[in-house]
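Both complexes below contain chain A, partnered by chain B and then by chain C.
On to the complex of A and B.
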């Protein structure tokens, strides 16, 4: 209960405390009712998915769908789209996260250290994708991509040039706002200037400063930015579908037209997986902040984090 | 003095090189596409200035889609904001590191950012067909006379499904604001003899109001730009702007549809830009009281 700061110092005795106790009890009940109702409402469709995939059309329990799904060989022969889509999405996640980190971490550190005047423009650009609908981005990206594909086909041949993997370059734009926010929070929590000046005065070059001083201190921020990006990339549908490339979501969507049970089962698995990733992430951030507190962290942030 | 000045002039330009990759990348993949939309809306198939694309925006088909998109986003934004707001307050009274809060924020994160196609599938599995858990119930009880077909309409089905990512998004964007309410404000109200009603009416709601309006606007743009859920649910007709753009993009029969797609995209950008300007104003007011 957040009541602890309130009940910490009862200034004038019993009546206030009694009133507060009543309020806290009411608050607890209010919370229980609201949360229960909403969680049930959220879980009904998910339960609907589970129910649909575990029953055959006559209503008998039938686990064939799930047996198929765990059988990797059967999936790749019977549902080749699903297998390619899954592989493509994993590849996209790797590309997106790598490009995002290479692009953002050095730039944001550099801006903080040497170019404070650029921090507003960088922030503006990073948050801009929030206001540009993905489908608008697709409309604008199509000439960029046809140009890019031409060049790639010219240099590397068709199999490389028309690969789904290049969508990762556009996905970096999609994940920019979320990644920016977590890395920015990470940078705020450490004194980059002192750290880098200390490293530089000990003879480190800029690459060493980035790799061995700044990056280890940003571990949590980098980790949460990456997790979030992975979740977003695995859930991306708009851009891939409109560019007629098959990633996990597109494969699921296409499969939904022919084999509803398998596609719904895949949908359920992907939702549960994304939930587990985010749930695990919610522990990563705070435990690190609590247990290992570098002396370079500013006191201000201790208050911010609680 | 001369060398010092020279060095001062040199240093920023050297440092600027460090941000060139970032700006180059975002130019190619973000600014150029935006410009392509804005400029391309005024270019004909052969190049050259034209307003023909914009005239496609006055067609009744597009206007209907635009109206339906606006209504759908507005209704789900307001409903989502109210329900999500109450939920956010309820969650904010729980322990800050508690499992409940982690569970709900993770669940909401998934539904808000990841839903899309899977969410549409979830509703089909729940409401359509003989093995769905609610489809039979609604049909046999006489509430649903369409055998699940209502799910595919924009003003019933899409509205319900959209709420399933609007409410979670509200929780995520509004929770920090509710957490910013200081216990001291409540204590001060109580010390001065105020009731719970007074606290909400005179203290908490006025403080939260700008954040609430801002979050509602964010939900509006979110609903307005949503595509995946609608695409997965609606297979006939194009009741929404995003689906209209999809039609225009994938149409290879009619020439010049690329320009029309750009014009429609421009219309979307204009709507979102207007909302975001209002959001900017509201957000500045919101940050007066709440440290975020």
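On to the complex of A and C.
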């Protein structure tokens, strides 16, 4: 920040002040336009969905769809796919988040502490999935999965081997870039090396260092990585569909063929849910107001200081 | 001042012929250092001379390529950090950000499975020792740098460490807090009687706190001695230059003393042999008077407890165009010297070190 925000006094004389004010006003205006456009772009389809699910073909208001949707018994008997898909997606979200955290947090901490030379390669690997389209991922993964499924069926039988839950492994790859970014921001915000050395000098072994020192200070980063992963998993369609597994999105798609209104209503609910999750994310970790901050908050702060 | 029962807790520490190199460049080149029980030894040296490496080898955070570390007569060279029971205070702020001051101090006790009541009272006692009883429930981000380092010290002492290790604990603090806290570290160390290694690049700090100061250069210990001895009897050029201010005066050595600026000074052991040499004379071992002028005043500055006058000696028999000399005078006298004055500068005769001219 160059000028003093309190007094409004510029550092370099009056003309600059004028220019600055004009620029600021222009920026504010530009920001409002952008926000408005974005909000409209998001709201119109949502409104369309709401409208479609609350009217019958003749244009009369008709809330049957929503009544069915909130009636848990009816929906699970009338639309079994939806229930299966929902349960599968929730299970997938849990598996994905767990595997991602167990894989990523210790690895990234270790690389930071002991193998700084590996940080570039690890970053590259973690960000790589961003550049691979889901369809390509499926092509690459299908031999792996057919091999894996064979073994799983051989050892544990059909019900385990053919379970949708194994999709979680592919989803871990999918969420890797986003999780990596969050956790990396968290690790940058603390001095892991000094903190872990302090803990070790006080008698902590590596597991204790991870559990009692690193994780608590990565709380916000871990939460935001988890939320992002959950949102991604709940919205995933391509991979599940191509592997002929029924998750929430696939169920909705199947449903859309028979009952478009229910399908769209479920879509609306899951969209709103994802928005709420993302919205909640930008507030997590502000309770104690320090340690690690989510990448979203950091970005917002940076914007404020320009 | 010190409680005898506590002092008995100090143990001997012996670093023997430690070597450690990074990519072929030695950071420690055969360091041997013995600490007596309850002693505070400061390791002093320019940045990059291997002080931190030495301390980390003692802490177990770094493995030496060769050499041994023994504590209380027990060889701990291969023992991991978390089994060494050493208290550390780091240069960087190292309090756990998610814990309060008290929880930080309790951390080591928690790992030792002490009862909650014992942890509580021990933490309170330690925070009281560092004068922070009123800040117990604050988080690191609510405290000043000096307070954070005090808590770090309390945390390190809470586990009753065998050895206390301080790696430039004051260098991130501002000057006033630095002096205050360094005196306090000395007081507390004397009180608890823990053998302590204090690493610093600040010679004033080292001289002020330590029982003995070891001066390091390029991974080699140059001299280790009590502060006053280090100052008055440096063994070589490097130590004399690094500890305190030294004038390099051309002189002529003959038979154990040297003629300098028309006077004679005794020479310390290790001085250069007969012939021309550079004699290292402290500012307080030079005097100014107005008899036979041999120098011109360049500047005079008042420094509170004393004053400093810089003079340029005339080119004389012993040397050609000589470098300016710093002379310490009483602060009351500083007014009588102004730039351009002709004065006579002489050595008081206190023993000095002579090194080969050049």
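Rule of thumb we're sticking to: the second predicted complex is superposed on the first by the 248 of 306 C-alpha atoms of A that agree within 3 Å, B and C clash if a C-alpha of one lies under 4 Å from a C-alpha of the other, contacts with A are read in each partner's own complex, and residues count from 1 in each chain.
Everything below uses one rule, namely that a residue touches a chain if its C-beta (ideal position, glycine included) is under 8 Å from a C-beta of that chain, and two chains touch if they have at least 3 such contacts.
For clarity, every value in this text was computed on a predicted model and none was experimentally measured.
Peer 1: In the overlaid three-chain picture, which partner chain does A:190 touch, first (chain B) or second (chain C), both, or neither?
Peer 2: The second partner, chain C, only.
Peer 1: Just chain B (first), just chain C (second), both, or neither: which does A:202 touch?
Peer 2: After superposing on A, A:202 lies in contact with chain C but is clear of chain B.
Peer 1: If we overlay the two complexes on their shared chain A, which of chain B and chain C does A:144 touch? Say first, second, both or neither.
Peer 2: A:144 contacts chain B only, not chain C.
Peer 1: Which chain makes contact with more of the residues of chain A, chain B or else chain C?
Peer 2: Comparing touch counts on chain A for chain B and chain C gives B.
Peer 1: Quick check for you: in the superposed arrangement, does A:217 touch first (chain B), second (chain C), both or neither?
Peer 2: second
Peer 1: Between chain B (first) and chain C (second), which does A:63 come into contact with in this model arrangement: first, second, both, or neither?
Peer 2: In the superposition, A:63 touches no partner, neither chain B nor chain C.
Peer 1: Who does A:40 touch here: chain B (first), chain C (second), both, or neither?
Peer 2: neither
Peer 1: Classify the contacts of A:160 with the two partner chains as first (chain B alone), second (chain C alone), both, or neither.
Peer 2: A:160: touches no partner chain.
Peer 1: Now for A:237: first (chain B), second (chain C), both, or neither, which partner does it touch?
Peer 2: Touch partner of A:237: chain B, not chain C.
Peer 1: Would you tell me the residues on chain A in contact with chain B in one complex that are also in contact with chain C in the other?
Peer 2: Common interface on chain A, chain B vs chain C: nothing in common.
Peer 1: Help me check something: in the complex, which residues belonging to chain C touch chain A?
Peer 2: That would be residues 59, 61, 80-88, 90, 92-94, 96-98, 107-108, 111-112, 139, 141, 152, 155-156, 159, 165 of chain C.
Peer 1: What residues on chain A touch chain C, complex-wise?
Peer 2: 190-191, 194-195, 197-205, 208, 212-213, 216-217, 219, 288, 290-291
Peer 1: In the complex of these two chains, what residues of chain B are touching chain A?
Peer 2: Contact set of chain B toward chain A: 12, 15-16, 18-19, 21-23, 25-26, 28-37, 40, 83, 86-87, 90-97, 100, 102-107, 109-111, 113-119, 121-127, 129-134, 164, 167-168, 183, 186-187, 190, 196, 221, 224-225, 227-228, 231-232, 242, 245-246, 249-250, 258, 261-262, 265, 268-269, 272-273, 276.
Peer 1: If you look only at chain A, which of its residues touch chain B in the complex?
Peer 2: These residues of chain A touch chain B: 1-3, 5-6, 16, 19-20, 23, 27-28, 30-31, 34-35, 38-39, 42, 44-49, 51-53, 55-57, 59, 103-104, 106-107, 110-111, 114-115, 118, 122, 125, 128-129, 131-144, 169-170, 172-173, 176, 231-232, 234-235, 237-238, 241-242, 249, 252-253, 256, 260, 263-264, 267-268, 270-271, 274-275, 278-279, 281-283, 286, 306.
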